[in-house]
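Should a chain be cited, it is by its letter among A, B and C, assigned in written order, with residues numbered from 1 in that chain.
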Amino acid sequence: MNEELKKPELDSLAKKAQVSDLSFFYGAKQALKSINLTVYDRKVTALIGPSGCGKSTFLRCFNRMHDLYPGNRYQGEIRLYPDDVNLLAPEIDPIEVRMRLSMVFQKPNPFPKSIFENVAYGLRIRGERSRSVLIDRVEEALKGAALWNEVKDRLEDVATTLSGGQQQRLCIARALACDPELLLFDEPTSALDPIATASIEELIHELREKITILIVTHNMQQAARVSDFTAYMYLGDLVEFGWTDDVFFRPRQKQTEDYITGRFG
Amino acid sequence: MNISEHLSKQFDADLTGLRSRVVEMGGLVDEQFSLAIEALATGKTLVADQVIANDAAVNGLEVRIDDACAHVIARRQPAASDLRMVLGVSKIVSELERIGDKARKIARLTRKVHEDVARDSGAWLSDLQQLAGRARYMLRDALNAFVRSDLETAVSVLRRNRDFAGDTSGASKQLVLRMCQEPTAVPALLDMLSITRAVDRVADHAANIAEHIVYIVRGTDVRHATLEQIEKEALR
Amino acid sequence: MAVSVHLRQTIERAKRRDLLFVALGVAALFLAFCTFLALFTNMVSAGWERFHPGFFTQYASRRAESAGILAAWVGSFAVMIVTGLVAVPLGIASGIYLEEYAPRNRLTALIEINISNLAGVPSIVYGLLALGMFVHYFNLGASVLTAGLTLALLILPVVIVATREAIRAVPGAIREAAYALGATRWQTVKDHVLQYSLPGILTGVIIGLSRAIGETAPIVTIGAVSFIAFLPPAPVTSSFPFVSFDWLASPFTAMPIQIFNWTSRPEEAFQANASAAALVLVLMTLAMNAVAIWLRYRLRRNLSW
C-alpha cells in the first residue's frame, strides 16, 4: 500500500486562520453556507469552483471588505492566529483587520500616482513619515515582488505606464510593503497574458515560504500548479478541502471530481 | 470510473476511443494465445506461422495506443479519474503486449516440438490445454473488469492467479522428473517447459492488469501489496 | 467570397444616411457659429469706439463718451470673490458628503432631488429670497456680501452636482485598493478620490462662476444700484490690522446691471457703451473658461487611468 510519507499529518501543521460556521448574507440572500475551513500557516490555499459559488465572497470576508457596502451580514467566526482573535467580531474595527491582511485584486488597480507613492501609501497611512525608512521599505517590497530591477530607475514614473503584469506585481509590492499576516489574492492573473501569469505564479511560489496565502482562482490548472491545499466550493457550500495532490488525483466527492475533470463547468 | 459526460464531446470521444482500443487489443491478444495453443495441440504449423506474423499487429497497437495516451495528456490535461484511466491504460497495454509475446513464443516453440508433442503419450498436453483455458478466462475477466470498472471481478482474477501459480509449478516439476527419466528427450522437454512457463506468465500478466484496474478505480497502487491488503482496499 | 448586390445596396444606403447626418450636423454647427459670430461682430463694431483704457478706469456718467465701467467691473469682481469663497467650499463639501458619506436612504434621496431641482429655479426667486432674508431679516443691506451670498446659493447646486459626478467617475477599484490597505474613508477621499475628481470639480466651479457673473435679476432684486461713482473700500489698509472687511458691506454695482442701464437709456450713444461693456463681460467669461480648461489640462496630465 502506498503510505503518504511525503505529506505531514495535518495536525502537526501550524494554523494561521480557522473559519468556523461562516455564513454570509447579501441582504436576504445567503451567499455562504456554514463554512468550516482551516488555513494553514505559510501554505498556499486555493479556492476553486464555478462562477457564483461564493469563493470571492468568502475571500472578502477575511478583510471585511463587505463592511464597505450596506446590507451585508456575517455569521460565524474567522479566527486569526497566533493571537486567536475573531476577525468578524463587531467590536473589531475593520480598519484594523485590513491593516493586518492585504489583498491583491483581479484587475490590477495601482493608484494613478508614481510607482514609489503606490508602494509607500500603505506605509504612510500606518504613520511612517521618515523618508529614508520609506525608501528602504519600498525597495524591499519591490524586490519581494520581483519588480525592483525593472523600475528602480523610474520610481517617480506614473504607475499606469507599466505593463499589465508589472502593474499587478506593483499591486503585490504595495500589499507586501505593509507586512501582512495573510495575503489574499482574488483571481490575480485572470486579466493577464500567459507569460505575466507565469511570473506571478512563480512569485507566489517564492512568497509562500514567508507568508500565508489564500488565492481564489477560476483556473483549475493554476490552483493545481500553485497551491498546497485546495478547497472546492459550490453554491456557497464548501464541498471538499484537502491537499492539492489528493483533490486533483483522487477527490473524495463526486461533485469535486465532476468539476475537476470538466464534466460540468 | 466516472461515466457522466464531459462538457467537451471531443474529450469524451478521446477517452472512449482509448477504452475501445484496449478492448480491441485485448481481443487480438486473446485470439493469438488461443491460436498458439491450438497450433500446439493440432500440430498445424500454418496456424503457428500466422500467430508469429500477427504479433506485428499487436506491437503496432501498443505503439498507437501509447501515442494516443500521450496526446490525451498533452491536449486535455486530464485530472482525477480521467488521469488515472489514461495512466492505467498505458500500463495495461504494456501487459497485453507481453501476453502477445508469450503467444508468439509458444508458436515458435510449437514449430520445433509439435512432432515430439504429437508422439508424447503423457498428460502434459491436456494439462497444458486446461491451464491455458484457465489463463484465457482470467484474461477475459480482467478485460471485462476494465470495461465495467468492476473491482470484484478484478480481485477474483488476483485470487485465481495465486492458485494458478501452484498448478503450473506442479506441471513444471513433472516435466523435470521426466527429463531425469528420458535424457534423450531433454531438448524437447525443455521446450515444453518453456511453453508451460509462458502460460504461467500469461496468467501473471492478467493479474497485473487486474492490479492496474484497482489503480484506475481507487487511485491506489497495489502492485506490491499482498492479496489481503488488495482485497481490503478494493472491496471497501 | 463576393459581396452580394443586395448587401452592397444596403451598405450604400446606410452610408448615404451617414452622410446626411454629417451634413445636418455641420449645418447646425454652422448656424450656431454664425449666430455667435454675428452677435460678436455686432458687439465689437458697435462698441469699439468706447474700447480704450479710459473705459476701464472711468465711472458711469451722464455723458456717454466719458462713461466707463470701473465701478461695474470692480463690483463684479468683488461679488465673484465672495460667491466663490462661499459656494466652492460649501458645494464641494456637500458633494463629498452626499456621495461618500450619506447613507442611501429616503432622506438622502429627497435631498438629492431637491438639489437637482434647485438648479432649475429661476434666478429671480433667489433674488426675492435674498431680499427677504439677507437684506431685511439679517440686515445686511444691498451690499457686496448680500450679492455674493445670493449668487453663491444660485450656483451651489451646480457645484454640488459637478462634484458628485466627478467623484462618481473615480473607479471603484481605486477605492477598494485604498480601503484594502487599511485607509479610512476620509483618507481614501482625501488622498485618492479628491485628487482624481478635481478636474471635474473645477469644471463645475468655473461653469457656476461663469453663470453667476452674468446674472442680473437677483442682484437687481436685492437692490444693486446702477449709478455708482465710487468703489467699495479697499480690502487692505495702511494701518493696523492691515486688512479690512468694510468692502463687504459696501453698496456696489455689477457689469450686467450697468449694461442693462445703458441699453435702457434713450440716447443712441449709450448703445455703444452697452456693447463695449457686453464685450468685456463676454471676454471675462471666456477668460474664466480658458483658466478652467488650462487647469483641467494640467491636472489631467498627471492622472490617467
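The working rule: contacts are C-beta pairs under 8 Å (C-beta built on N, C-alpha and C of every residue); 3 or more make two chains touch, one makes a residue touch a chain.
As the structure is a computational prediction, the values presented were derived from the model and not from experiment.
Fewest steps needed to get from chain B to chain C, stepping only to touching chains, is 2.
Counted by C-beta pairs in contact, the busier of A-B and A-C is A-C. Among the chains in view, A has its Cα centre nearest the centre of the complete protein Cα set. Inter-chain centre distance (chain B to chain C, centres taken as mean C-alpha positions): 94 Å. Rounded to a whole number, the gap between the C-alpha centres of chain A and chain B is 51 angstrom. Chain centres here are Cα means. That of chain A falls 49 Å from that of chain C. Chain contact summary for the complex, chain A toward chain C: residues 63, 65, 68, 70, 95-96, 98-99, 102-103, 105, 107, 109-112, 121-122, 125-126, 158, 160, 171, 174-175, 178. Interface residues of chain C, counted against chain A in their complex, comprise 103-104, 171, 173-174, 176-184, 187, 191-192, 196, 302-305.
Contact residues of chain B toward chain A in the complex are 2, 4-8, 11, 77-84, 218-222, 225, 229, 233.
Those residues of chain A lying in contact with chain B across their complex are 1-2, 220-221, 224, 248-251, 254, 256-258, 260-265.
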